[in-house]
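Take a look at these structures.
First subunit A sits with subunit B, and in the next complex the same chain sits with subunit C.
Entry: the complex of A and B
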């Protein structure tokens, strides 16, 4: 039992999370929150030295489950998750909340365990555990967060069910082999797996849970959430769909469309959520390109993104803690009160905008160069457009409207010391990852493909990138000077979630009203319908049914998944 | 969620300004704001000629790559995004409680006043 517990670094974090739920003393909990990811990182370090010995397979109900499989790809993801865990632990030191400590650890542990899972069934378990534990962080956000959390949960459980269904179909076509490997769209179950990962990754039209839930979560919750869910999905995508052409275009679209929403959004945590989508787009595009350079770019950009996006969310969290709002229209001039937070936010903004000597300069450029090498001209143009867009929403808008712009008159305390330490460390990492003398070389030494050589600090790269950024700054300054730059205004900005939050709700209400009117006259037809549906469900899900022939643990797994979908759909609709 | 906020609507009390920020109050000076535009202009004036010194790799360049192309892309793309904001806002914006959610109370933003540099 202890061997199993020590097999996967994620398990130790989950165990620490479960202990936290029982420990009333905040100091001990905080120690566990910080120590667990450090212990997990050490386990990754030792496991990688002998990957074969670290491999752990157990048999459950006749089905082999690979609890631990480590290689360079999973190692990097694991380290990044542990690093984020330590930063988040420091950032949340001031918050004495048992639920946050416990769910944050279980959530992080599930993400780490998922990364080291060697088969789809193990991945499914941690995929769902990550969803269930993370929703607690959303719900800690207050009144508006509850319905957003329900929507978040429903969408993520749906993603898990799709993952399981896709995995079952894939395994059935491959002699019952559930090993996580390249799947591709041409194989059975491929589309369902892609959809499952696409939901968690924030593909276009499936992305709204990010902008819905993240800005409504608690201050520390948003920072924690930004690090794991989407990155776990990226990992799965990199494992199963590297080189899948459609991802190039999905990723390119993902980089561009959030830019237009971010420019009109007033809630700066929602702006950062769109920005998260935009950065995921670069990585999805890199996975689609699938070359060794592109995959190295994806892995490197993941490491950079977790840190600088976390830093930006941290700075907005500090502002929110002190002022009570993250609305651009209510903020401004805070550099007078929060100078250190301002500097850290500017470092995060410079990093995401890919200024030389800051992290994305050495990571995002690998993906853009990979698109150039593959002669994907339209995609390359979209990525360049999105790079200018990043400069708009995260490089300029977030720091400008918070810390400069008009003076809101708010005079507040600087962020608490623990938040400053976490932001300071994240800022140092943003600089270290791009440091020309040993910094980026260290990051590159952790990447999956060591045969690829990429030199970020060429004269042409520095010059062209600076041209792009200076030109964007010039456009900003000119549009401000000519008073063309729009003021921040309070509003709800409609996105694709309108289809289910408004249109879908109205349709359900209409059907309900119609059903009530007709039900008195329809009892016979309704009885026949349910009889027929029941027979079909029995033929499909029963022990003699189609699904049981290939389902790993037979009826129970499929039914449990199905029941969860139904249950959450009912809860979701009841909350609308 | 707010913690120790003082809304200094008259904005006369710089006693509440953080000691580290006092040396940077010139950032809010109207002249500095008006002249900020020169920073990117100087940046471009340096980097565009430098593109002749560090040309694109002939084997790996996009069809549109020439000495100032990235500057043009940056300016046009940024302007396009910002100029699209107004029509998009008209199309997509609704009242804050459109989905029936609780709305933060509106805070009256202080009138803009000049802040002097104190050393």
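Entry: the complex of A and C
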């Protein structure tokens, strides 16, 4: 039992999460929340022996389940998740909520365990566990978040079911082998698996749950949510569909279309959700390219993305904690009262926009270069456009409207110390990952493929990147100047989710109305029918009516007789 | 095997007789006991002995073989014989175990729901009812079946009527039950009369042999078959003959509802199985026609109509009662397939449903005990008011729906597999549709309990008031059992398989 428990670092975290649900003392819980990811990271450290994959296989009901498989790819993911876990733990120190602590740990543990799962069945279990535990974080967002949480849960359970169905089909065609391996679309079940991962990863038209649920979750909840779910899906995608051409285009589209929504969106946490989608696009595109350089880029960008996206959500969370809103139209001028948060947010924004010396600069460029090497010109153009777009909405819009812009007159306290520490650490990491003297080299040494060499700090690259960024800034400034830039307005922007939130709802409402009418009509018809058969008969059937004393027995007796006649008829006919 | 060897050999040899005689005799004594607590203790001891004995018998059949117990040493067909085989031992154990759990639950429940002076007679009637049910299941003599059927029925009429001090409608329900039950028993005994006319014997195995020699017999046996199926159909609440059931379940004392729901209809279904497959034989054209077309069709209609009616009920007990009718439909569908897999799946659902429904009705009884709640509208906030009871109810409810890793899932999965193997894809669809309907009626209660806040009285939220331990223990035992079966169903599936083997292979 202990062996199994110690086999996968995720289990420790899940266990800690379950313990948290029982512990009434907040301090002990907070300790567990911080210590569990550190312990898990240590376990990864001891479990990983070079390129060799350690496996723990148990047999459940005749089905082998590989609880633990570690190689360079899963190791990196595991470390990143643990790192995010520690940062989130610090960020959430001020909040005394048993439910958040325990569900956050279980959710994170499920993500880690999923990454180290060696077969689809194990993955499925943690896939669903992650969904179930994370929905609690959405629900903590308050009344508004409840329906969003239901939608979130429904879509994730659907994703899990698709995953299982696809895995079963794949394993059947494969002689019962459930091992997670390269699947490809040409194999049976491949399409279902891709769809399952696509939902969780936020493929175009399947992405709405991200913008729907994340901004509505609680302050710490959003930060925690942003780190794991989509990244777990990304990992599965990298395992099963590396080099699948269609992913290149899906990824490229994913990078571009959120730009437009993000520019007009008012709720800054929603803006960040769109930019989350956009960053995922880069990585999906990289997986589609599938070259060693591209896969390295995906892994590196993942590490960078978890940190800087977390940092941006953290800073918005801090603003929200102090001002009570994350709407661009109601914020502005906060740099006076929250200077440190401003600095951290700017570092995060610079990182996501890939300023030289900040993390995405050394990671995103690998993917773009890989696209260049593969001569995917259209894709390359799209990625470059998206890079400029990122600068526009995440790099400039988020900090500009929050901390600068017109003064909202809000004078609030600086963020709590624990949030500052978490944001500070994340900022340091953002800088460290791109530090030209030892920083990015360290990050690169953790990447899956060590044979490829990539040098980020070339004159060419730095200049190109700066040109791109300054062009974007210029465009922003110009648009602002001539007042063409969409004003921050209070409005809810409906995306593809209109189809199910409005259209679907309306259809359901219509069916409901029709059903009510139909059933009303039916009950009239029924009433007439039973009136003619006798009023007592009707009283018997309506649930509210008490069983009248004589009629039902009489009726049932008649029915019994009728039943006998039917039976005799059948028996008689059977002899013919 | 170790457990079995610790049994004294006389207990195994005479177990079948002891199981019936003990509760019957003690029941007679219990009715005149002066104090209710004494009556309860006596009942507890008797049911405990029954559980131990039935477990011994179960193990004996499992490890050794089926046995034939000859009452008074008279050989059949002249004497009365009791059969102990793979088909009835799981049911015998189920009845005894449910009787024990109900008795434990009964200490607080009966005290709250039955008038003081009627409590000792209540336990007496209960014991006699147990004896009757066990007799129905054990006996190998057709007329004996009728006698025990009446013994159990009459005592259950009384038990249902005892609910009158809680709910006056119990009297109407009991009357209704009495009329219909008597019609059912009469039909059954008319069928037996025809059979006797045809074969000249009342021993079930003997009738079976003679009928097989006659290749199904003359028209007399056709008529006999029709009467017997309808008579038993009434007792097991086969779809159009279920009218007595909702009232009886809704207004009887909680204790009785649990016991009826988990055992009475099951024993009748067992008799139907034995008569169809072992007294008559599916190789007769008329038997297989009725089984394939009538039982299957009625089963499917029951699954859909019962579930739909359950959805529109306002009373929680009635909802579950209609759901019971639907669940009988599942079992009939399994029987209607008339294949080994189908029968095993039906029998498995019989066992699982007994566990699930008992847990659910236990919880409903506890809701009434603490807050007087029977209507679904009043469930609001029960998740906070009685968290443990509601927890057991939730587990049971999920199991009833058939969520993976619950007993309900196991049996429904088996049914679907059996249906597909039989080539009845439509039956699989009906099962899924009925399960979706189950989500609605169970979901309605769970939503009210968990998503609505507890009611306020005079501006104060109603305080938490958990059910007493004596109620929680049996409830949780069954709820956990239903999960355990869902996780590892090997034992139960094996028992069901054994029962199906007996039915297909022919018995003693």
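By definition in this document, the second predicted complex is superposed on the first by the 506 of 576 C-alpha atoms of A that agree within 3 Å, B and C clash if a C-alpha of one lies under 4 Å from a C-alpha of the other, contacts with A are read in each partner's own complex, and residues count from 1 in each chain.
To be clear about the criterion, contacts are C-beta pairs under 8 Å (C-beta built on N, C-alpha and C of every residue); 3 or more make two chains touch, one makes a residue touch a chain.
None of the values given here were measured: they were computed from a predicted structure.
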### Task
Return first, second, both or neither, reflecting whether A:468 touches subunit B, subunit C, both chains, or no partner chain.
first
Between subunit B and subunit C, whom does A:506 touch in the aligned arrangement: first, second, both, or neither? neither
Practice prompt. Please indicate which partner A:523 is in contact with in the superposed arrangement: first for subunit B, second for subunit C, both, or neither.
Written response: neither
Who does A:46 touch here: subunit B (first), subunit C (second), both, or neither? neither
For this session: Please indicate which partner A:564 is in contact with in the superposed arrangement: first for subunit B, second for subunit C, both, or neither.
Result: second
Q. Can A:450 be said to touch subunit B (first), subunit C (second), both, or neither?
A. neither
In this superposition, the partner of subunit A with more touched residues, subunit B or subunit C, is B
According to the stated criteria, A:441 is in contact with first (subunit B), second (subunit C), both, or neither; which is it? neither
Overlap of subunit B and subunit C contacts on subunit A, residues none
Counting only contacts in the complex, subunit C reaches subunit A at residues 169, 172-173, 175-176, 179-180, 183-184, 187, 222-223, 225-227, 229-230, 233-234, 240-241, 243-244, 247, 285-286, 289-290, 293-294, 309, 312-315, 318, 488
Seen from subunit A, its contact residues with subunit C in the complex are 61, 540, 543-544, 546-549, 552-553, 555-557, 559-560, 562-564, 566-568, 570-575
Seen from subunit A, its contact residues with subunit B in the complex are 142-144, 147, 219, 259-260, 263-264, 320-325, 327, 329-330, 332-333, 335-340, 369, 372-373, 377, 380-381, 384-385, 388-389, 391-392, 404, 406-414, 458-460, 462-479, 481, 484-486, 489-495, 501-502
Per the touch rule, the subunit B residues reaching subunit A in their complex are 1-11, 13-14, 16-18, 20-21, 24-25, 27-28, 34, 36-37, 39-41, 43-44, 47-48, 50-51, 53-57, 60-64, 68-75, 77-79, 81-86, 88-89, 92-99, 101-102, 104, 106-107, 109-110, 112-113, 115
